[in-house]
Amino acid sequence: MLKKIPPILSPELLYTIAQMGHGDELVIADANFPAVTNAKRLVRADGHSVPAILEAVLQLFPLDSYVDHPAAVMRRVDKPGEPAPIWDEYQRILDSAEGRHIAIEQVERFAFYERAKTTFGVVATGEGALYGNIIIKKGVIPPK
Amino acid sequence: MLKKIPPILSPELLYTIAQMGHGDELVIADANFPAVTNAKRLVRADGHSVPAILEAVLQLFPLDSYVDHPAAVMRRVDKPGEPAPIWDEYQRILDSAEGRHIAIEQVERFAFYERAKTTFGVVATGEGALYGNIIIKKGVIPPK
Amino acid sequence: MLKKIPPILSPELLYTIAQMGHGDELVIADANFPAVTNAKRLVRADGHSVPAILEAVLQLFPLDSYVDHPAAVMRRVDKPGEPAPIWDEYQRILDSAEGRHIAIEQVERFAFYERAKTTFGVVATGEGALYGNIIIKKGVIPPK
Amino acid sequence: MLKKIPPILSPELLYTIAQMGHGDELVIADANFPAVTNAKRLVRADGHSVPAILEAVLQLFPLDSYVDHPAAVMRRVDKPGEPAPIWDEYQRILDSAEGRHIAIEQVERFAFYERAKTTFGVVATGEGALYGNIIIKKGVIPPK
Amino acid sequence: MLKKIPPILSPELLYTIAQMGHGDELVIADANFPAVTNAKRLVRADGHSVPAILEAVLQLFPLDSYVDHPAAVMRRVDKPGEPAPIWDEYQRILDSAEGRHIAIEQVERFAFYERAKTTFGVVATGEGALYGNIIIKKGVIPPK
Amino acid sequence: MLKKIPPILSPELLYTIAQMGHGDELVIADANFPAVTNAKRLVRADGHSVPAILEAVLQLFPLDSYVDHPAAVMRRVDKPGEPAPIWDEYQRILDSAEGRHIAIEQVERFAFYERAKTTFGVVATGEGALYGNIIIKKGVIPPK
Amino acid sequence: MLKKIPPILSPELLYTIAQMGHGDELVIADANFPAVTNAKRLVRADGHSVPAILEAVLQLFPLDSYVDHPAAVMRRVDKPGEPAPIWDEYQRILDSAEGRHIAIEQVERFAFYERAKTTFGVVATGEGALYGNIIIKKGVIPPK
Amino acid sequence: MLKKIPPILSPELLYTIAQMGHGDELVIADANFPAVTNAKRLVRADGHSVPAILEAVLQLFPLDSYVDHPAAVMRRVDKPGEPAPIWDEYQRILDSAEGRHIAIEQVERFAFYERAKTTFGVVATGEGALYGNIIIKKGVIPPK
Amino acid sequence: MLKKIPPILSPELLYTIAQMGHGDELVIADANFPAVTNAKRLVRADGHSVPAILEAVLQLFPLDSYVDHPAAVMRRVDKPGEPAPIWDEYQRILDSAEGRHIAIEQVERFAFYERAKTTFGVVATGEGALYGNIIIKKGVIPPK
Amino acid sequence: MLKKIPPILSPELLYTIAQMGHGDELVIADANFPAVTNAKRLVRADGHSVPAILEAVLQLFPLDSYVDHPAAVMRRVDKPGEPAPIWDEYQRILDSAEGRHIAIEQVERFAFYERAKTTFGVVATGEGALYGNIIIKKGVIPPK
């Protein structure tokens, strides 16, 4: 436990995001995501929801302003054109953390797996909602 | 030993299936299968039959409902069109565990080896029956 | 994720308790506990309360019936004779899991640290309550 | 799988007993034994009975003829003077493997744990019978 | 780099202090300290002063309020009764971080080495001042 | 040392062949073979002849009956059409172990190296005879 | 600490540059560079500026005189034709260390990442200036 | 294989004796010796006799001339006063290698095990003779 | 130190050349060679000249008689047609060790680096002469 | 190779002395010293003399001025009161490096071994002279 750091962030998760740089991506995965298979680095957060982890991470983690979509979700297999119910909450958390509207990309299921393998790491949560995975891309902290 | 967990599941096997996600596959291999050669992760269950392991695993492991064949066996080399005697028992265990008919794919011997290498892991049993290998694909646990 | 297993139990925690035997002890530690220093094996469960972890573990984990106190808490430093408010909840969870009254031992702070070092492992939770640590001792699963 | 080797012996168990020398001891432990805690080397044989493992091991493993008791069991806590029902079977397997009467020592529970820590290794079986643990001591293969 | 985290804290140092609990100690060592010899865990911060590291660490790290001296320095060998010039700055940083007066213990050189070996870790700085080492003891973050 | 196991087989060699399955291959290499370079797994048997190792291995190791050539030697560079003197002895050992004539393939030197890299492992003997390397392919142990 | 060695060089950084040979390259990266992702070997120097590290390294490290550009920076994304303000200082340090004019190459951002992956290692500094990364190529120390 | 080096010496055995210095001891153990249990470093030489290994080692390994007994064997348990038949051969090899009479110490069985644990390493041979173990102590190579 | 072994050969270098087989190559590299970058296995011999190491290695290491060029040097970049001064000494050492004329191949600088990566290992010497690198290819020790 | 660093210092030796602090000791051992047995950290410098290594190390390594004897040698076993011939050279190198007379302690052979085990590390040279071992103790680099 540290002052100023949300206690839901384990030392391993804190260490992981501290090591990331401009353009590195992090997957916050739902409970059904094949996380061990698709992660270069794995941080477990079983039993937690994706919004709880996302909100805590974004207190410390700047989003990339060099790209159009600094966040991405997995396109639904059942209804490819429609949003999953939980995405509204993600949108709200992203926008609020950055103080601007964040455009979210949708990525087809197997393309999402391939992209996950190239990211810096995967946080395996206990999120029960289907299509609950999200990728966030780290930005720059400008010089003072 | 734990309450509610079939004692034939070793801590390593339990850990392995707990780490798997949607779409990850597990090989339950017979005693002649080249398991060490073809396994990304290996769990030993020497001396046990495939049906005993399969039945125990399926008490905890949901099969994938997104694909046509959530299970696969190795096609016979001697009589490519015919089933191996032990497959009847596999069919019964699969159907009973899921409460529906499970269609089983047949995969040619060397293609089976290649696919085994891409699975999450291999359980090496002592099953003496020829063509006793089976692959199962993990499904989703829906939100409550 | 597995059927029948509480999703708050990470694969690592499941693996840990599955490996334990008769008389082995587990510490479920609060957020201020020096867990890394005092653990032979460490499982992180940051952000969760001790009661949530305790209740999930006890669904699978039998308590020892060979000893007088199959559970222990850390004696308060400030008011050595008085219970911490959270212990009531522990008592309720223990009694309910075993279906009998479980007597809980109180252990002085530094003696508790020494005992923690001899246990099988420590689960590091995010429990904010002071004196929130608990040790549980594993029992036997009788032959059928 | 190898010719002449009982298939219940995993490669790891075979490797373990092949490495042992005169006077080295092996614990074949029941399902409730705290095996991970008390083993210098651990070989898992979940789901198997102690008699099945013992009989297979003794096909390859000579008992020590330099000592009075080349085997030992854990003295009962409940009825310290009485044998556990399963010991009869152990006696029969030991005598038959060596072709002579093998005297079995009884060791108090916590002394048994301490001795287990000094042995070459522990085989963790799924034996459900209480007091089902046995220690065997390796003998010499005389020159031809 | 993360928002809100002083950039002088490397990911390894951040990870180290996040893992510490109540009563764990950290050495921030000067450039001549035999850090590798006396550290259970070592974090390098070559080229930085102790005050710069101390001030950054204390933004996140609470001091222990259960003990009389939550900080300690190495007693001078040359003038055992006198303070080293740099200690004034340490006193100011400690008091300011905690908002109260922090009493600092003086520890004889070889006793300091022995104590360093029992701490959670050592940060090896480039501090050129003699007697520049300091030990800080972690406190509790109270429940909200 | 174990009963029934030829003492020339080290625990490591025994472990290696016990792990192999149907179709896996083993190289028993002569003293000049670049074994470290071309082995996925290496077992040393310095100072022994290839025939001594081959004869011992084949007491436990069934040859593959699914292929035309369950054994292979390195084609001579100096006289590509002629057998090396030691092959007669290999033929006798192979035939005697299986109780049938075993056809031996000849493989060009550099193709032999490439194939060696794909085998399960290499046993590095002290065989002084040139062209003394042999590959054997493991067969199936049929159900009883 | 050693005599003659700038104290800002950690033992790890010293070890790294001592192992490099003719033509090997080193990245000295700014605080936003994705160093962990793109480094074969990583040395942390958090909290230091690139000029401070560069100047210290070049006291020991000869630049390559066999190539046109023994140094390279990352081309600006915002103003591809213009220099970043900090490059002036790099030019001065390079020229002064070698006693001749050093021509600096500009490399497009993603090409820079790919090249970083092929270098000997990356030093992760705390440099806040954008486009603060620099690659240096090691030269030969001529025979005396 | 190397010129001038007896081929029975594996690279591992050669490496082991090359690392030893004045006063370091080596056990050359018979097939029944509990080598894995009592060895700080283990080199396997299964299937070889102790005299064959001893003779090869002593071509490269000088015996210690600072002590009365640069060699030791295990005192017989059955006939404590009598030599084992194989010791004659050891005496001849030792005397011949050094060109002087080498006095051999006899060490009680369990004291021999304890001493083995303090030696540099153990060579596990296939020597079938009982009481076939020998310890040799390395000497100095004098300056030229 | 061992009898008959040149003391300049470290245990690691001795172990390396003992493990090599027919056709395996060794690079003896000069002080400016990028050895860590281009070595599958690295043995350090800082402070020694290439001729000293080469002469010692060739006392034990046979050169390959199956190829036209069992040795290779790096072609000069400055004067591609001319020999480097130190090659005369290499020629003399090679010829003298084998008792016949050894033809030496010249390999272009970057091709030399690529070939180095495929060799068994690299010995990093302190040779100051430019173009001082040499590759030697191991031959066969014929049966007696 | 680096500018200003004596090339006889390998990267490993440089790394070792850079990590040492005030009071840490280094053994520079002769060729007969049992270095592997008595070293916490081992750096090989086979083939070099102790004076060559000592002189190079002392260019970077300050001796301790807090103790009476910042250097120690092994007392002769043959003539306990007399110096070994090589010590004169050590005295000259030590005095010249520090610019003052350095008093050298003599330590009995087995006490020397025990002390060696407590030092930071051992450099194993090829020094042929008997009683050629020396221990040096690191001092402080004072603030500028």
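Chains: A, B, C, D, E, F, G, H, I and J, in written order; residue numbering restarts at 1 for each.
The criterion applied here is as follows: a residue touches a chain if its C-beta (ideal position, glycine included) is under 8 Å from a C-beta of that chain, and two chains touch if they have at least 3 such contacts.
Here the structure is a predicted model, which is why all the values come from computation and not from measurement.
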Along touching chains only, what is the step distance from chain B to chain J?
3
Can you name the chains that touch chain C as well as chain G?
A, E
Far-end chain from chain D, centres as C-alpha averages
G
Intercentroid distance (Cα basis), chain C paired with chain B, Å
35
Averaging over Cα atoms per chain, report the distance between chain A and chain J in Å.
54
Please compute the C-alpha centroid of chain D, do the same for chain H, then give the distance between them in whole Å.
32
Residues of chain F touching 2+ other chains?
1, 11-12, 19, 21, 31-32, 128, 141
May I ask you to sort the chain touch graph into line, ring, star, complete or other?
other
On the basis of the stated criterion, which chains touch which? Give every pair.
A-B, A-C, A-E, A-G, B-C, B-D, B-F, C-D, C-E, D-F, D-H, E-G, E-J, F-H, F-I, G-I, G-J, H-I, H-J, I-J
What residues of chain I sit close enough to touch chain G in their complex?
31-37, 77, 128-130
Touching residues of chain G toward chain I in the complex: what are they?
19-24, 66, 120, 140-144
Residue numbers on chain I that touch chain H, as the complex places them:
1-5, 11-12, 14-15, 17-19, 21, 59-62, 141
Residue positions on chain F within touch of chain H in the complex are 1, 7-13, 31-32, 44-48, 52, 126, 128
